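A, B and C are the chain letters, set down in written order, and residue numbers restart from 1 in every chain.
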Amino acid sequence: MGLLYALVAVGLAIIWGLMEMINFAHGEFMMLGMFGAWGLSAWLGWDPLITMVPLAVVMYGAGVLVYRVLMQKVQRGEMFTQIFATVGLFFFIQNGVVALFTSDYRFINASLLTRLSGVNLTVGGVRIGVPLLVGGLIALALFLILYLLIDRTDFGLALQATAEDRDAAMLVGIRPQRMYAVAWGLGTALVAIAGVILANFFSVYPQAGLSFTVLAYAIVALGGFGSILGTLMAALLVGVVQSVTAAYLPPAFKDAFVFASYILIGLFRPQGLFGRF
Amino acid sequence: MRILRVIVAVAVLFFVAVQLGPGARAAGPVSEVLIGELLPLTGNFASLGQQYLWAGQTVEDIVNNDYPDLKVPLGPGKGFPGLGGAKMTLVVRDDQSRGDQARTLAEQLITVNKVHWLNGEGTSGNTSIIQPLVESYGIPMTCHACASPTLTEKGFKWFYRTGPNDGTMVASVFQFLKEWPDHGGPKDLKTIALFTCDNLFCQDNRKIALDLSEKAGYKIVADLTTKTGATTLASEVQRLQSANPDVLFSVQYPAETTIFQADMKRANYMPKVLATSNGAYSDQTWLNAQKATNGAAAWLGRDPTAIDLASKKPSWKQVNEIYKKYSRGQDMGELAMREITGMLWMADTINRAKSVEPAALAKAANETDMKPDMMIIDYKGIKFDKNRQNELATGVVTQIGWDNDKHTIWPWDLAAQAGFKTMYPAPSWPERESHKK
Amino acid sequence: MLGALVALLYPIPFERSGQIYYETVGFLVLLNAMLGIGWNIIGGWAGQFDFGPSIFFAIGAYTAALLTINLGWNAWLALLGAMVVSAAICAAVTYPVTKLRGHYFAIATVAMWMIAQPIGATWPLINGSQGLFIPVATGGGFVHGVLTMEFPGRGKGLGFYYLSLALFTITLLAARAIERSKWGFYFRAVRDDQDGAEAIGIDSRLYKVIARCLMAVVFAAGGTLYGFWALAVFPDQVLEVNWNILPMMAAVVGGLGRLWGPVLGAVVLIPISQLMATTLGTGPLAGRGIDLIIYGAIIMVIAGWRPNGLLSLPWSEWAARLRGHASASGKA
């Protein structure tokens, strides 16, 4: 489960962690991914594992679009206006989906992963569900690709440079607007992929986004800004804390403990576990 | 200050816009009876709100149009005969599943739209928020499907409920469990676990269940409360698995129930008896979605109605056809049935009162003595006790079979009519898989 | 002064036509404006983003409710009690967290909010998710109403409108005083350049705490007011995400850090959302969330068009031009 959280969070890690732009509607893009997967599965019978790719591309475009049309203008003003704008986006997207599809719960029934549901792998005494494992592996793979992209390529360096100092970056010929647009596109695409995978396990409905959004924010902050690896570690940690808490304490406090751990860790390491700034 | 002028300008503009808005209704003989419908049409409880809305639209249709051989109040004939043929109009408001919004909109419905009767909110928690308000304005108010007992126990004079409350309904489940051994059921159910969400409705249920469990001599091996909106319930399933109760009493809304089922499947966990109370069990959409996976087979729960028997009534079938016009083809579930029954009662009351004045409405309501043959649901009738709770609505216990339909299993006389053999123990997940083919 | 007059007289036409609802809208505007001003202290002036102020709203509402129900305190004393308790709790939890900067601090405030939710839902002292009910007072005239914050019957809309107007005005005046005081200066110093401020001896942690607790006091007062208005305190009501977002949005829309910003923001946002909910959220399109879609769209448009808030529009130029026109046509 932790790996799946990581996937949801990593999109945010780029938009927010790296580029410092707040997106209240992060979970909504995930939800769009879920709906996309469900829709294609229900109407065309395509398995989500396959639709993941075209959906990611579409959502990438959506992210870039949102950036160009909305966020670029908003960047001129206060940091807060970004939140405000994305709150508007949140209402807009969530209710747009309600208008088109109503608030009914929907389920994907006929995908590879759901058929595998109930199949378990026993590794060293711990039972792991195969579908979750597959989802987790995909998440891990994407993470690795992302990490390599950000840390090892020129392009990734350019992104980081823009994040650290926009003006200096411009001086060396990097176009910040383009960087931001790409960041948004990437972030949205990633979280949409997360949505596609999650749609195999969760019911698909318009309000699905918010609880994941809040968790994602906590994870990115816990991991530390600017560190992709940090986000991964944090996500895994969150998954563990959740399971442990639910196993021994009142389950209603599961998330509360996650957040309490955040505060505790924050007290000792104000930049998060691996943060750069 | 300049800025002050800006604010003033905005306020004035708003003020003007308001005056152009819905005006006060004229006094005198009414041609239109305004029924306020305050529902959660978006937000957390949206799928419930939708079913309420369809129910309301169905009743509006029945009252305003002529259905000569429909045996329900105001079926035949158009409009309210007692009011000279006045028609019924729903004034619908969406409160986004939020209590403060519900309260504000309730005030709007009463003071601006001047509705004659307020139906809502739809969930027990938000309904209790608007009760004091409506009480202070003195118009009748109803929430037929809100099951929390406290709603009728606080001494409000204007709140009526035709549906049963959880006090009686949960008791029926335990009654069933108690009598089951004498009717072919297992004799060795000793332990119970409670699994509830953290809001008003679930917690009320939990308190009743705790109390009844102790009285019935069950050993409570786990009592877990989960946060609404949880993203995973895997560890909770683990805990339940190790506690291994004979009976699992679960009260959760549809979204969490789905997550729970998925996590149960992965862990291959299924208790011998899975009993529940409303929440997902009442949600027709959830039920329909279970067909593909047999996820709901053998779930048993309290039910305000013996739906398998009621649906045999011709009036049920007729009303269902009307309902399907509005519900995108979905059949009436028990939620819609409770709501439609209650609203038809309301229409009947208004008709008997021959007026829309609150005092007349209250009098007609208090004198209600409706007989079961005029209802599509199988209450024994409608008659209110001193708390304005319908004392003739008792509820039954149903169980979902392999056919994904609900079958009455208690009380025993009705169960005999229904002719369904109770399933025990609840089938495991692999069994459910194989049963599909 | 014209504004004050409008504010005072606003409810009168509604009283006469019996459309009490609009008074309640006014109440909500004033309540949120007040909360917005409070939030502005930490968010706008001290520059620390607080995403979870609703915990103090809840603390205020619950404290006041408990004091009234269990100890029989008078409503106004309960209000003071709520404010004190809120400030105390705020100071205790905020100080350690001020070690965190910027976004990290913001997430910490969210964390506190998330932790408060299950506590609110399950803590027996406050009756968990079954809520606390403030007994309804019956009878009594207007003066009695003011004293107990309860206005039985139809006077409710009117009573709470003026009550909120009073509290709002007090908050506004207090905020104005703070803005011009040494504290205000320290807050802004911390916001603009925390390291620089510390270099000249300003204890940034202390002032962050003070700023946040001033906000906590305002929110507690708001929470108390809300509790008496609703006559019931439920955890999912008072900890609701909207109490986090709306005051913040009002401040941002109006202009962050400006004294009147949140007021303008509240006056704009709330009537819009109410209007949307009642016109578009009903009828055949009901349940499709159309009203919220448009609400969201409006928000995005405002954000994109005026990222610095509506107050940053050149009002003075416009007013001058209007006056110029008037005098020009007068002379001609």
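Here is the rule we use: a contact is a pair of C-beta atoms (placed from the backbone, for glycine too) under 8 Å apart; a residue touches a chain by one contact, two chains touch by 3 or more.
None of the values given here were measured: they were computed from a predicted structure.
> With centres defined by CA atoms only, which chain is the most remote from subunit C?
Checked the centroid distances; the maximum from subunit C is B.
> Tally the contacting C-beta pairs at the A-B interface and at the A-C interface, and name the larger one.
A-C
> Could you give the separation in Å between the centres of subunit A and subunit B, each centre being the mean of its C-alpha atoms?
36
> Can you give the whole-Å distance between the Cα centres of subunit A and subunit C?
That gives a centre separation of 31 Å.
> Which subunit A residues touch at least two other chains?
Counting only residues that touch two or more other chains, subunit A contributes 95, 98, 102-103, 210, 250, 252-253, 255.
> Using the touch definition from the top, which residues of subunit B touch two or more other chains?
Answer for subunit B, listing residues that touch two or more other chains: 42, 46, 50, 198, 225, 227.
> Name the residues of subunit C that each touch 2 or more other chains.
117-118, 121-122, 287, 289, 292
> Where on subunit C does subunit B make contact in their complex?
2-3, 6-7, 10, 13, 17-22, 24-25, 28, 117-118, 121-122, 128-131, 133, 136, 152-154, 156-157, 226, 230-232, 234, 236-237, 240, 242, 260, 263-264, 267-268, 271, 274-275, 277-278, 281-283, 286-287, 289, 291-292, 311, 315-316, 319
> Per the contact definition, I'd like the list of subunit B residues that touch subunit C in the complex.
1-8, 10-12, 14-15, 17-19, 24, 39, 41-42, 46, 49-50, 53, 91-94, 96, 98-101, 103-105, 107-108, 110-112, 114, 125, 128-129, 132-133, 135-137, 150, 154, 198-200, 202-204, 225, 227
> Residue numbers of subunit C touching subunit A in their complex, please.
So the residues of subunit C touching subunit A come out as 43, 49, 96-97, 99-101, 103-104, 107-108, 110-112, 114-115, 117-119, 121-122, 241, 245, 248-249, 251-253, 256, 287-290, 292-293, 295-309.
> Which bits of subunit B are touching subunit A when the two form their complex?
For this pair, the touching residues of subunit B are 42-44, 46-47, 50, 198, 224-227, 229-236, 238-239, 254-255, 258-259, 262, 265-268, 285-286, 289, 292-293, 429-430, 433.
> Which bits of subunit A are touching subunit C when the two form their complex?
By the definition above, subunit A touches subunit C via 16, 20, 69-70, 73-85, 87-96, 98-99, 102-103, 210, 214, 217-218, 221, 225, 250, 252-253, 255-256, 258-260, 262-263, 266-267, 270-272.
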